[in-house]
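Some structures are shown below for you to check.
What follows is subunit A paired twice: with subunit B in the first complex and subunit C in the second.
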Partner chain A sequence: MSAAADAAGVRLTGVKKWYGQVPAVRDVSLGIEPGEMVCLLGPSGCGKTTTLRMVAGLENPDAGEIRIGSTLVNGLAPWKRNLGMVFQNYALFPHMTVFENVAFGLNMRRLPAAEVRRQVDAAMAQVRLAAFGERRPSELSGGQRQRIALARAIVTKPSVLLLDEPLAALDKKLREQMQVEIKQLQRQVGVTTIFVTHDQEEALTLSDRIVVMDEGRIVQIGTPSEVYERPRSRFVSDFIGFTNSVSGRVNSIDGAFTRVTIASGQVVTVPSGAGIAAGDAVDLVIRPEKIVVDPTGLVDRSVIPGTLAHMVYTGAVTYYHVDIGGGAILIAMAPNPDLHDLPALGSPVALGFKPDNMLIFPRRAES
Partner chain B sequence: MAVAIADMTDKIEQRPRARVDLARLTALVALLAPAVALLGIGLVWPFLKMLAISFQDRFPDPTALTFANYATALTDPYFLRITLRTFSLALVVTLITAVLSYPVAWFLARSNSRWKHLVFLAVISPLMVSIIVRTIGWTIILGNEGMINALLVGLGIVTEPLRLMQSFWSVVVGMVHILIPFMVLSIATVLGKIDPGYAEAAAVLGASPVRNFLKITLPLSVQGIASGSVIVFCLTVGAYVTPVMLGRGQVAVLAVTIHEQMVVLVDWPTGAAVATVLTGGTLIVLLLYGLFLRRHSRR
Partner chain C sequence: MNPTQILTGERALKAYVLLILLFLALPILIVVPLAFSNDVSLTFPPHGFSLRWFGNILARREFGSAFLNSAMIACISTAIAMVIGILSAIAFVRFQFPGRETLLLLFMTPLIFPAIVFGAAVALMLSPLGLLRSVWGLTLAHTVLIFPYILRTSLATLFEIDKSLHEAAYTLGANRWQTFRYVILPLLRPGLLAGATFSLIISFDEFTVSMFLVGPGLMTLPLEMYNYSEFSLDPTIAAISTVLLVITSIAILIIEKLVGLGKQFS
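Up next, the complex of A and B:
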């Protein structure tokens, strides 16, 4: 496959879109490198699908510029953009065979029949469905339809591949399997890929970079680990992964460190956050796997004592819900490497964490 | 003890099931009976009666069974010409109706325009007026002293009024007007159910709007055109009022001929044979059409 050479970057500059009076995309600027796999992640209604559809040409931006490669595509019809797209429900043409579906884009480009057959066969072999050409889409399973939709999208060697919630219609097991397949296929073909999802795990697994969107705006762009480990806002930290939060008030700020008095009355020292001043109401946020239960013998750990309020045993790991006083609960996640006795409910538990892992955000108004 | 319980459960399980089946059967019969009776008395029995008459040498009081009536219906140039005209009329009307209806159906199914409801009303409003009234409307427009001729003569474009009525095409105009709602509604129903995602997918794959329509939307909406065509074809082939009023006796069709043969000439056996030819011919056309569609719209 030599498609990597044709891969084009995508650049959105100040893109806006309204549906009537409702702003769907407020001001999106985003650069995607050739060959990169970028995910637009956010809750429903955040504008991620609208953004994707504008790149596809299925919607026109009301303001701003969209460039594919060096071409300004504003107002350029979708059939002139040389894109591949997988729709959420796949949109396989029901009146055509699987072969005819995959061949459609090549036929629209008026390739000779022999060449069409060669390329379709290659694409169908690539998604491991070589023998399914004569079937109807209705005779395929969900996973097979998904793979045919992928084959149909990549067979034309598009400059950009667009995936709109490509795995939403599949069950969990199949979804995990398809995540791997999509990633491998994308690496093989080397095509610039934008995909849209509301599933944070899918975004973390598949993307080179994640674009987190909320209410029509980009709230953070970063690699999966940046977005997960260093969320820039409470929204991002809550949307990606599971978070704990403890409310408190800033006691004093000493350069890189901020001292916060939490609800239980204890003072915790954490790295300073932007835009936070002494006296501010804040939320301290930490991932459950960054908290150690019973940190005896570990250095560089802040320790908070508490009592075990609840336990959730999930096999591989156990979640310890610990009451640290003042109505605050912190959840710690610990793996279960050996057969061991779990502590009894109500027993005292010490929680340890590295101050670096504790993030500080302005207190969010509870709705 | 165990045996006794097993025995009991057997009885408990069997009895209610049998009762439900009987109740269902009774309900089914009761629900179907009126329709079956109506169709039997109003359609099947008269049709069989007509079929019987078509093989009689005279009616009433037949003396022998004969194929002579069919020989007349199928070979007599007079009947042949009328049969041919009737079926070509139905074919032409169906074609024109389909072509005219498709864009309107498209608009109804896809547009978000605020005129949509008005267009829908305009499409179905002819159904609320009697066929006779609508046909008389056309005589006012097409007649020798009608609107079009008055306009043409008044403007000095022609000196003599054109003979717009009494022709095959005046009947076509009337029939198309009367039957267009059926076609529009049939096509719009199917178009409305097609996922717009198919056309979007085709567009992203490189299909221009024309090819998108020909390769995706048209094949997916064939079922709507088909059901509309069946309705329009059948109603045209059996039409009576419009050919009589707009053709003014110059455009004979089978329905009119059958009526003349039976009621005016009191030749029931020949009339019955012509009627059977009409029914049989229509069935054959529909069958061929169905086979054609099946071959061209595999799903």
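Up next, the complex of A and C:
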């Protein structure tokens, strides 16, 4: 992917923002490369939208620096920042036609009419809505409004594109389709993009890097696979994807390996985690797709026996809820490649996993 | 309930609604035929047909000048109230400041304040300023009276304008003034038009407060009509009323076509 000539990097250094007494963003530092697509991911109230709005200039940081390219933009009005922004509700101007909406930014930049027409037509073709110029936004479907909002945001060749929960208002199927379109468009245009979402799947699909936020702080930055495979905390592992967790107590630590006695009384060997000492209460965390049901014939697997307590068949995959004793349930996910008989409920099942895939975190304080 | 009962119920409701509409429209239904009456006094039902009472309006110069006074005062006070009203509405919607609720309540008081008290108070206040029996004093009083109507319609329309539309305009490179000019004002226009129409009608129609402020040489149309009817109860009054009725109806129709009047009351 090549960055467009005018794509700019974005750098936040020690940015803080309070709403009255309530801290919304506490000390966020983040560097985004030109042309990169970065996602701010987190639960509502984690400060992701406030961070985006500060980059846009719609909020002013109380401390810290924000740079777009080499320009310090603290206090710079949003209309002087050369941005494109797509809002959650699209914010299309209802009294203008689709054409006028897309042309708005170019008209504000006082481009000659012929040039405005040429660029608007190109942008509308890019989002495959070339024939919709004379319609009103109210005459468009949700997906079409979304695409027009995108066209309006990119037609001015912004140095940064900001997307605030751009797909939240669409239904699931349309959302998946728009994810692909946004990603393709972003690649084509090569514009530096920051987008905000609370939907972990959207973040995994679209981003070059994911910034996971919680309570106004960045808790992890990494590529989608880094964040998914190697979450640095329970919070990240819980927030992104589904996770199993089994509680236990550290038996002994032998360099790179830690032996943990889990609730069912078995001893499991896992890679050591930072800041964990012998005798600590810990949670072992593993993704359902990393657990193999009936690992006969596979090497390098730790095996835990159990009984099949429940099954959820979803078509492509089946989720096996396996009772491993001591009140712990592990959920294994397995694809359904062939037409096959599912095991009966209550039958004994062996679960296998690679020790590397089991992550160890300090036991979360009961809240 | 069986179908026949429901049908009877529906009929009763229709009759009831019709009765109320009739009651509301009755004065109008009486005044219009009277304007075309050939009688020399106001009697119903009218006898004969004539247009001479309309001729009489034109013949008596005081009606013409009173009409012009009323029209001018209505236009100027509406224009002033609109500027102040829009700006106040923007302040109320966009900013939080101490005393906001109190100020809003204060601005709305002309709506509920007894007009007779307001009229006397304004007269007492304008007298030492030398603005009694002056067009400007009257215009000022009318501005205060119609201000709440403008403020209310502006507030209602502004509240409907999504905040993200401002922000979208900003991020697209429009500064505050451009955002107001190209995004907010066009969206406000229907509400403002409706507010302006009401204001024009209310000012034109105003009687109680104006009574304290007019005098020889300065008359508004409603007061001129009242004065006239004290001395001669001929159908001239009905003729003027009919003219006003037609003008008002046309204005309301235009507004209804442009923005939908019903929306302004919801």
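Heads up, the rule we're going with is that the second predicted complex is superposed on the first by the 364 of 367 C-alpha atoms of A that agree within 3 Å, B and C clash if a C-alpha of one lies under 4 Å from a C-alpha of the other, contacts with A are read in each partner's own complex, and residues count from 1 in each chain.
Here, a contact is a pair of C-beta atoms (placed from the backbone, for glycine too) under 8 Å apart; a residue touches a chain by one contact, two chains touch by 3 or more.
A quick note: this is a predicted structure, and the numbers were derived from the prediction, not measured.
**Q** Mind checking subunit B and subunit C on superposed subunit A, clash or fit?
**A** Clash - subunit B and subunit C, as placed by superposing on subunit A, overlap.
**Q** Is A:Thr156 contacted by the first partner subunit B, the second partner subunit C, both or neither?
**A** both
**Q** What is the contact status of A:Arg136 with respect to subunit B (first) and subunit C (second): first, second, both, or neither?
**A** In the superposed model, A:Arg136 contacts subunit B only, not subunit C.
**Q** Given the touch rule stated above, what does A:Arg232 touch, subunit B (first), subunit C (second), both, or neither?
**A** In the superposed model, A:Arg232 contacts neither subunit B nor subunit C.
**Q** Kindly list the residues of subunit A that each of subunit B and subunit C touches, one partner per complex.
**A** After superposing on chain A, subunit A residues 56-58, 77-79, 81-85, 87, 89, 91, 93-95, 104-105, 108-109, 152, 156, 162 contact both subunit B and subunit C.
**Q** Under the stated contact criterion, what part of subunit C meets subunit A in this complex?
**A** 162, 164-165, 167-175, 178, 182-183, 186-187
**Q** Along subunit B, where are the residues that touch subunit A in the complex?
**A** Listed in rising order, the residues are 195, 197-198, 200-208, 211-212, 215-216, 219-220, 297-299.
**Q** Touching subunit B in the complex: which residues of subunit A?
**A** Of all residues in subunit A, those touching subunit B are 56-58, 77-79, 81-85, 87, 89, 91, 93-95, 104-105, 108-109, 136, 138, 152, 156, 162.
**Q** Report the residues of subunit A in contact with subunit C in the complex, numbered from low to high.
**A** Residues 56-58, 77-79, 81-85, 87-89, 91-95, 104-105, 108-109, 152-153, 156, 162 of subunit A touch subunit C in their complex.
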